Amino acid sequence: MTRWKLVIAIAAITSVVGAGVVARELSRVGVHQWYSPVQPIAFSHKLHAGDSRIPCLYCHFGARTSRHAGIPPANVCMNCHGILQKQSAEIEKLKELVAIARPIAWTKVHNLPDFVYFNHSQHVIAGVACQACHGHVERMERIEQEAPLTMGWCIQCHRAHSGGANAPAASLDCGKCHY
Amino acid sequence: MTAPVVARERRAVDFTGTRTATPWIEGEPTLREISDDVIRPLVTRPGFGWWSCFAVALCALLIGVSAVAYEIATGIGVWGLNRTVGWAFDITNFVFWIGIGHAGTLISAILLLLRQQWRTAISRSAEAMTIFAVMCAAMFPLIHMGRPWLAFWVIPYPNSRGPLWVNFRSPLLWDVFAINTYLTISLVFWYLGMIPDFATLRDRTEAGIRRAVYSVLSLGWNGSARTWSRYETTTTLLAGLATPLVISVHSIVSMDFATSVLPGWHTTLFPPYFVAGAVFSGFGMVLLLLIIVRTVMHLERYITIAHLEAMSKIMLLTGSIVGFAYATEFFNAWYSHNVYERYTFVNRVSGPYAWCFWTMAGCNALAPQLLWMRRVRRSVPALFILSILVNVGMWFERFVIIVTSLHRSFLPSSWTMYRPTIIEVGTLVGSFGLFFTCFLLFIRVLPMIAMWEVKAVARHASGAHV
Amino acid sequence: MAQELTFFKRRPDAETSRRDFLTRIGFTLAASALASCSRGPVQKAIPFLNKPEEQTPGVANWYATTCAGCSAACPLLVKTRDGRPIKIEGNGESPLSGGGTCATGQATVLSLYDPDRLTGPMWHGETITWDEIDRRITERLAAARERGVVLLTNTIVSPSTTALIADWSRRFPKFRHVSYDAVSFSALRQATRECFGTAGVPHYRFDRATTIVGIDADFLGTWLAPVEFTRQHAARRRRALSGEMRHYQFEAGVSLTGSNADRRFGMAASDHGAIALALLRRIAAHAGITEPLPDVDAAIDEHAIAAAADDLWRDRGQSILVCGSNDVSIQVIVHAINAILGNIGATVDVDLPSLQKQGDDGAVDALVEDMNRGDVHVLMTYGVNPAYDLPAGPEFVRAMESVALTISFADRLDETAAHSHAVCPDHHFLEAWGDAEPVKGSFSLAQPTIAPLFNTRAAQESLLKWLGESPDFYSYVRAVWRRELYARQDRYHTFDEFWDHSLHDGVFEDPARGYRSQGSARLDPERWHAAARAIAHDHQRAAAARMPDSYELQLYETVALRDGRHANNPWLQELPDPVTKVTWGNYIVLAPSAAKALEVETGDVVRLAVGDHMCDLPAYVQPGQAQRTVSIALGYGRDRAGKVGNAVGVNAFPLVAAHGGHRRYVRGDVVLQRRTGKQLPLAATQTHHSIEGRPIVKTITLEELLSGTPEVMAPQPSLWPEREGGEHHWSMVIDLNACTGCSACVTACQAENNVPVVGPDEVRRGREMHWIRIDRYVDVAPDNDAALDVAFQPMMCQHCQDAPCETVCPVLATVHSSDGINQQIYNRCIGTRYCENNCPYKVRRFNWFQYAGNQEFDYTTTDPLERMVLNPDVVVRSRGVMEKCSLCVQRIQAEKLSAKQEGRRLADGRIKTACQQSCPANAIVFGDLNDPESEVARLRRSRRHFTVLEELGTRPNVGYLMRVTNGEKTEKPS
């Protein structure tokens, strides 16, 4: 009889654990946290944003005015690299591409689905730090998606800043991001 | 074990009144004969009748499967719906099948509590019918969705969206819970009822896979007095649980309509009206099935005219209730003095879908009145035709409620007509296919009459169970 | 420009994958569940190489330009995103259109991305380089120097192009410029010349008129400049709230204008001369002019005409009579009446006339003869399609064979281009420089909003090139403006300054435009007596010729397709006709009596025979259609328009008659016969036009309004708890007194919100996707079905505070926002359609199929080129989800953001929804109820305000202002 009890107990436990694992895996579908593709040019944010302390908005100027933060046009890179003496294989790649007037095809890291409307400028104006969503970029050699970018992740921040003392209020309306 | 049986004997007298001789089994089969009769279909090869029925049912099922596959692959557009009529065949079929299910629960739960002995022979198949009907019904809310692959979103589960829960104000959500509860309870009830018979089967079959299966299913039943008394308690308790479900499920389904703002839907009458209608159609279907089965499987002995008559009495009652409900609806529309309400009901009787309304009224309100005549109640062919009429009528009732209310609602600018497509018809046919396929398989692999209960009401019933 | 072009030309694939995401997500879910460790599709992000100063990805740029949809040339503002024009809006600077647009104008942006456009020049059907084709053409032109060179165009309203044509006539001695209009006004031009010396179409000022009498002139729908006239009409209707004004319309078919008239009378077009005469007789009597006028015995409603004439006389000097007939005599009588009434110079301006419709029918007929005679060696067709829209199209094609070189500037291989030797595809107007002067003294500029998509070239640049000058129309326009206009103003002191401002504003008003003559124009009575005799004579002839079983045919333009040049535009094909609500194709409109006589119903096929010309059309039974007359729309039945417009309906241009050298859109010799058993169900979005006595469109008489009844209805009690208000409370009010039902908003919404086109079959099934529709309700007098009372009601999501849809959605896909918007969350929707069923207004639209990118629905989203018109701020909905009006939430967001960016508070009126912006009547107002001073809050307090189906307690945030009718309106004509 105890043998039966044991069997049943084991069965129960395994099924519960199994269900848990499956549920967890399914909830990760389409979540690309820690995504960090190899880029055509091994651009180091650590070097530029960290060590050299170049402000994010210097290159990603779109973030101030536009929905897209934008990837800097090559001529922005050349603002400095036109003058700087320092050379490296990667900088050579850049200069070659500029020479033959071909834009660089970067691989997009932070992707939001089509049905989400996200506007960088809105958040920059509200004083949200870039790191709040993009993580410690200034410490990354290669860019990596630090946040899960799930709706729950967006909402927890919006909840924290919805109304109250810390204006401007973040909205919790569905229609704020989905239309 | 004798005591309860004797007690039941006495009550039987009280209830059926007239004769002390309970008419619920014809002839005087010994207990072994009963077992033989009931188990015969399970051990012998099926006859021509069964095969032909099964073939037809299977074809229907295949038609349905292909229709649904096509619809899910292409889009709801393959149905005849439009911007004004958002539901038609899909939800009509849903409500229809849910309704069918009701008789089973009613028989097995309420009649058990009322100690109605005549239920014994038919309860098993009625419960089976309930389960298959609810299966058919549950299919429709799924396939009527624009994106069925996301159906799981109606289940409240923790998720990475905030989390984002479901809308507990929505009757559709209530449906989800109501139907699942209903299905679960019915299944448990059905299985529980079969345990003693599984034991009987186990004891009758010699060692082998079949026996192994039966012994697992019978959960080590040993027919001791202790087991029996526990068993009795459990069934009674479950019956008590199931009883409110008979009322709740269809009340909730009716709220899909009752809680809306649409003239023709928005009425407090719906819950009782729908429950009555459900029982009505349910018994219609049981009657139909049993008339077929008793002839095909030669069980006239256990499913007697008396059974049929008893059921037809219930049909007469519920049918009259339904008829009364129709009248009340019209009175309300007239009395409300509401231009939209009034138009909806004028449109029902005289509009482009008037023929549906009159079919419904004829089959549901008028036809059952024939059952006032004992001669009709005891004539198998008459009951056969009536039960078909009732099912047709009840299907049209749902169609009339849904489509005539939708196609001409508040703003005349959006009035349209609805015409079903072949795909929708195919889906309806398919649901019948699914139902009958399941049922035909059921009568081959499971004892379709509760042996132990029948034995209990057999003339020379004794405590012994073979 | 080039830079950004290369930028976004790489984009479509990226765009596509973004847009189709929703499509796939369902399957993705299942698929990625299996392979959830694998990543989604890798997305590339390609930045500019050198970012142009004015371009920031994701930020819209606006350019002022001028519409070329018709000759009205409305000034526009064009919204471009990432270098692509995606939305057209009216330019509020314009004194004519006042920021309004029409459905056609709204749709022109889609034609830019029409995959049926030619991608380069063609010679005898072969593609060829510009250099080569220029070489061949120039040498042939040189050969034909002393011979006939003809440029055949539609009306040219561009001063620069006119100047360029003048250059040609200087260069080529035998050069001739012939212009005609598919729908001709040449009789009106001639009448004006006869009466006032100057040929031209007067510039009408309906806003100054207290009494309007229209005879078959659909000036709110299709006649001359509908946008301008609608704006004037609305202004007039607003004034009418304080005093009585009357608009009489005498017409054969039911037009948009007739539907909006205070009193409309269905009268056969052949009687319009008689009507004009009767009006003249009575008005002359009032004026004490005693010369007798010839009598015409026509069955016309004397009572109605007397009433109209008396009102005209009472408001002389501020009344107006317009007539759409292309008959010189009738137009002379009309001018005479306006002259007697002293309207000339007041409401009818002949000194600063309209420059539209300069076409001369006689000249075209003469041209065809010359061509046959071989006098024409080079024929250039620009902006016209004679093979299609001339009554004698086939003859014209035959005549083209005897021309040495035929050149077409058509943007596609249309009916005429297909028979031309050379095709030099013109730019779409959004790719080209240009200017316009639709009314004398009001100018506007056109500038490119995108670099040419294909290897096309502006017609003017071709013309310059062939003159041997530099093909640079930009400098040419500049030169013309420097020469002609710069001098006329003294505001700017350098030309560049003047140019930059004009280019920025898009419009330039000649300061001298203020001048008006003081209605001095009197006609010499002999002139109108002659006309009167002519009318009487014609009338007798027509009466004599009429066979007993014959019907009278009237040809008209539809609001959507006009003369058919936009036939390949899916938005216009699917735009419900404001009057019949039918889409995709034309039909023969019958009066109920005629339908009974022929034993046909709507949808039955009728065969129409004129002599030996026959065509089969479905019938449409229309109460209000004049007895024994039938109407057919022009502009359909193209066979070389493109994938969308080909073989939709029947071409009615061959039915156009001629009379005294002018096209005539009426003929009396039509025989009808029912094609038994044959049916062509019409694709109508509304099939039931009676309001069934329901209080949906509320009407108030002027007396009630002035006397202060009824009182504002008290808000209904509600069981729901009051919602706690948010920062804003968005609301909309629609003035049913101003709305004419012109349907510009429908197309504007479609463009703004990526609303799919579903095609005739789906429309027939009642599945059109428009977020805003114009409901039309008709009340027909039982005794006389020619007297109509028509009401239009724009209907979109009412954004109920207590919305029935919100309670029933099981997954919270439709919920209420804190600022009063009923939000539909597409990506949450599982498509139970419960909300649609429970919506009392039936404004929700379901994606029955995957419309976007589906070859089955090959209209606007299959070709990557077509997808460029999509608004990137609005998601493209996938199959199986519900959608509906969002109150243009993306525009609300954008305005709130820009206010935030500029650190100012959001001013009332800054947010304009697409429908509101396009409305030429300014009938739609949107704003914030939390601001009691806002326009919308003010209107919601108005006595005319009501909400539809108030009694349901849905408390809509969209409200309406009641129609105001003149008390007399209810009285039916005897």
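Residue numbering begins at 1 within each chain, and the chains themselves are lettered A, B and C in the order written.
Going forward, contacts are C-beta pairs under 8 Å (C-beta built on N, C-alpha and C of every residue); 3 or more make two chains touch, one makes a residue touch a chain.
Being a predicted model, the structure only gives us computed values, none of them experimental.
Among the remaining chains, the Cα-based centre furthest from that of subunit C is the centre of B.
The interface holding more C-beta pairs in contact, when A-B is weighed against B-C, is B-C. One finds 47 Å separating the Cα centroids of subunit A and subunit C. If you average the Cα atoms of subunit A and of subunit B, the two centres end up 55 Å apart. Between subunit B and subunit C the centroid-to-centroid distance comes to 59 Å (mean Cα coordinates, whole Å). Along subunit A, no residue makes contact with two or more other chains. Shown for subunit B are the residues that touch two or more other chains, namely 164. The multi-chain contact residues of subunit C, meaning those touching 2 or more other chains, are 29, 812, 828.
Chain contact summary for the complex, subunit C toward subunit B: residues 26-27, 29-30, 686-694, 696, 762, 765-768, 773, 775-777, 793, 795, 804, 807-812, 828-834, 836-838, 840-842, 844-850, 879-882, 948-949, 952, 954. Taken in their complex, subunit B has these residues touching subunit A: 157, 159-164.
Those residues of subunit B lying in contact with subunit C across their complex are 74-77, 80-87, 141, 144-151, 153-154, 164-167, 169-173, 176, 256, 259-262, 339-340, 343, 406, 409-416.
Within the complex formed with subunit C, the residues of subunit A that make contact are 25-26, 28-30, 32, 35, 37, 62, 65-68, 70-76, 98, 101-108, 111, 113-115, 117, 119, 121-122, 125, 168-169, 171-176, 178-179.
Chain contact summary for the complex, subunit A toward subunit B: residues 23, 27, 31, 148, 150-153, 155-156.
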